[in-house]
C-alpha cells in the first residue's frame, strides 16, 4: 500500500490539515508511528502521543482541539476510530491472499456438494452428505464430519473440527482448534457409583455472522440443538455446553463457560473467565463482569452484575471496597465490645 | 425409527395409559414435542409442559399424579429418566453409522499392531511400537505417538493427540482436540532469573471407561504416571497437571484445573472452573462447587466445599449472604461507635 | 540406563554413604522407589519416606541429617533437587529418539526454505515464503501458514497451529494444539446492535527459549505485534490476547488469561486461572496468586497480590481469614446493637 494523505482523506471523506502530499505506506499505533505511517487518535488518554509521534499522518475526530505543537498532518473525520477501522479493512482487502483452489491431498466423502470458489487446504477432511456453500475457506487439517451444512463465505481455520449433523451459517469465522458438536457432558449416576453415558443425539446450529475464537468448544444438544444466534462473537477457549442458546449479537470474552441448557439473551456482554450456571436464563442486554459466577437467572434487561455468586454491580463494588477493610472492621467491633464490657465491669452500666 | 407406543412400552417394561397404537418417530424435549414425538417427565419443574405438550407420548414415573388434562399417551415406568436414557441408547444404536475400515492416506509406524474391526480415518497418525486394540475408532487427524497402548472399543475423535508411552484403557472416549501426555510444567529457577526445563519422563495412564471432553489437556508425569482411574468423566477444557491422580468415577466439569501431584479421591464431584492446588489430597466423595479454589487437602470423605480459598459449603453460603450486606454492616458498626462516642462526650459514660 | 551408584555419584560430583556398587536402572519418586531405583530427597515433607523406601539409592543435600535407620545408599550433593534434575536430563538424552527426516505426505508451499537436520512429520503443512531454521522438529499435523519464520532447534508438537506472518525464535517448545496468531477479539459496536469485525493485521513474535503448553492461544496484534519475550514459560490452556507483551522469564500457570494490550513485566510469576485486565501494566517480579482477578496496573516491582479484584497479598490473606467469620461478626454487631438499645430502654443511657 502506497497512497498520499490526500488519497486517504478522500477515501475516508475527511479534511486535511497539513501537507496532503505525504506518502503513507503503513498503519501504526500512534505511540509507535514513524515516517510513512498513518495512525489515529480516538481516546484522550493517547493525546500526549500526538505531540511526540513521528507518524506522517494522524486521523482525528472533528471535535478534537490540539493543545500543543506537533509535526503530523491531520485528517479530520466524523469519528476517528470508525474511519481508522475503515482504513484497516481496505488495507486487509489489499493484503488478502485470497486463498482459492484445492490443495492435495484432501478427503471428501460421498454425496457431499461443494460450492464455487472454495479453498480446501491440504489434509482437510469433509465427510459424506455434507453441503458446503460457495466461497467457503476450509484451511488445512480442518475436520468436517458427516451431514454437516456450511453456509456461503464462511471460514474454518486450520484444525477446526465439526462433528456430524451440525449446521453453520454464512459469513461465520471459526478459528483454529475450535470443536463444534462434541458430546454434551451427560452421565446418569448408577446405583454402584459408576456413570452411564447419556447418548447425545442433538446438534449445534450456528447462525450467520458468528465468530468463534481459537480452541473454544461448543457441545451438541442431548436432543434438539445448541444454538449460537446471528452475530454472536465468542472469544478463545470458551465452553458452551449442551442445549445452551446464545442470543443475537451477544459478546463473550475468553475462557468463559456456560453450563447446560442455559439461555443467554441478545446483546449481552460477558467478560472473561465468567461461569454461568446450567438451566438458567440471562435477560437481553445483561452485562457480566470478568470472573463472575452467575448462579441464578437474570430477569431484568440491561442488568449489570459481578461477583461469585454474582449480584448487582454497584452493590458488588461497594461490598468489595469493604472486603479489603474486613480486618479493620473486625478490630473495630472487638473494640466496641471491650468498651461496653469495661463499662459494665466499672459499674457504669448495669 | 418408527415404532408404536405399545412397542416402546414393551421395550421399557412400562404400562400404557392412553392410545397405544400411536406411531412414534422421534425423541424430543417435553416443551418442544410435536406429533410423532416421545418425551419424558422426570422433574416436577417440567410438569406444566405435560399439560401443553403436543408430543404423542410421554414417559412418566410410577408415582406421578397428573393434576390437569392433557392429550399425550403416558408410558408409566419405575424411573422416567432412566427409561428415557434407555430409549436414547436404543435410538443411538440404530443411528450409529458404525465407522469401520481404513481411509487413505494414514500413517502407521513400524512394529505397531492394530486389532480387528478398527476405524482409521484419513490423515490419522500412529507411531511405532504401538498396540491398538480391537474395534477402536481413530478419527481423522488423530495423532498417536510411539509406544502408545490403546485398549479395545476406545474412540479417539478427530484431532485428539496422544504423546509417547501413554496407556489408554478399554471403552474410553477421547474427544477432539484433547492432548494426552504433553510435558508437565516443570522449570527449575536458575541464579540468573532464567528457567531450566526439567525433563518430563513419565507418562499418562487412563484406565477403562474414562471420558475426556474436547480440548482438555492431561500432562505426563515428571517420573511415574499421571493416572485417570476407571470410570472418571472429565468435561471440556479441563487441565490435569503432571503426576496428578483422579479417582474412580470422579466427575469433573468444564474448565477446571488440577495442579501437579495432587491426588483426587474416588466418586468426587468437581464443578466447573474449579482450581485445585498442587501437592494436596482430596478425600473420596468430596463435592466442590463451581469456581472454588481449593488450597488445602480435604481429609474427610463426603465433604462439600466452596469459595476461594474453599471451605465448608454451609459456612460458605452463610458468609456469602453476609458479603453482600457488608456495606450495611460497616455503617452499623460506625453508628454504634458514634453512639458510644456521643454518650462518652455527653458524660453519660465515664 | 544401567549404572552403578559410584558412576552416578561421579557424574553428580557427589559423595557416597553406603554400598557404591549397587546397580541403578531407573529413576523413581522416593515414595514409590524399589530395588534398582534412584530417588532424591529435597523437601523435609518427604523425609519419612527415606526410612521406608525400597529405592537402592537416594540423593540428599549436604546438610541433611537422617534421624532414623534406612536401607538406601546415599549420594550426598550440594543441592539434591538440582542434582536430580541433572540426572533426569542425562537420562532423557539417552531416551531421546531423535526424530529426524521427512515423513510422507507433507505439504510445503513455494519460496519456503528449510534448514538442515529437520524432522517433518506426516500431514504437517508449511505455507509459502516461510523460513524454517535448522534442527527444527515439526510433528505430524502441525500447521504453519505463509510468511512464518521459525528459529533453530525449535519444536512444534503434533497439531500446533501458527497463523501467517508470525515469528518464533530459537529453542522454543510449542506443544500440541497451541494456536499462535489467530485474530484478536476486536469488534466495533454498530448503531443497530451488531458488531463489525476490526481487521487484525499484526502478528505474534515469540523470542528464544519460550515454552508454550498444550491448547494455549496467543492472538495476533491488531497492528504491530503480540510479544512473548525470551525465556517466558506458559502452561496449558492459557489465553494471551492481542497486543499483549509478556516479559522475559515470566512464568504463567495453566488457564490464565491476559486481556488485550496489557504489558506484563519480566520475571513475574502468575498462578493458574488468573485473569488480567486489558490495557494495564504489571511491574517486573510481580507475583499473582491463583484465580486472582487483576483489574489495575501493578506499579511496584516485586509486589505480591491475590483476590478478585486483586490487592496486596498480606491484606488479602487477612481479609480472607475474616471472610469465613462474617456470619459471627454480623451476630456480634447485632448483639452490640441490642445491648445498647436495651440499656437505652432501661434508662441507663439517655
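By letter and in written order, the chains are A, B and C; residue numbering begins at 1 in each of them.
Please note the rule applied: contacts are C-beta pairs under 8 Å (C-beta built on N, C-alpha and C of every residue); 3 or more make two chains touch, one makes a residue touch a chain.
Just so it is clear, the structure is predicted and the values come from calculations on it, not from any experiment.
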| item | value |
| --- | --- |
| Degree value of the rotation bringing subunit A onto subunit B, based on Cα positions, nearest 5 | 120 |
| Equivalent interface positions on subunit B and subunit C, same or different at half | different |
| Subunit B and subunit C, separation of their C-alpha mean positions in angstrom | 25 |
| Per-residue multi-chain contacts in subunit C, two or more chains | 105, 123, 141, 159, 177, 215, 237, 255, 273, 291, 323, 325-326, 329, 333, 336, 340, 349 |
| Sites on subunit C touched by subunit B in the complex | 27-29, 32, 81-82, 85, 88-89, 91-92, 95, 97, 103, 105, 121-123, 139-141, 157-159, 173, 175-177, 209, 211, 213-215, 231, 233, 235-237, 248-249, 251, 253-255, 266-267, 272-273, 290-291, 320, 323-327, 329-330, 333, 336-337, 340, 349-350 |
| Subunit B partner contacts - residues on subunit A that touch it in the complex | 105, 107, 123, 125, 141, 143, 145-146, 159, 161, 163-164, 177, 179, 182-183, 185, 187-188, 193-199, 201, 215, 217, 219, 222-224, 237, 239, 241, 255, 257, 259, 273, 275, 277, 291, 293, 308-309, 311, 315, 318-319, 321-323, 325-326, 329, 332-333, 336, 339-340, 343, 346, 348-349 |
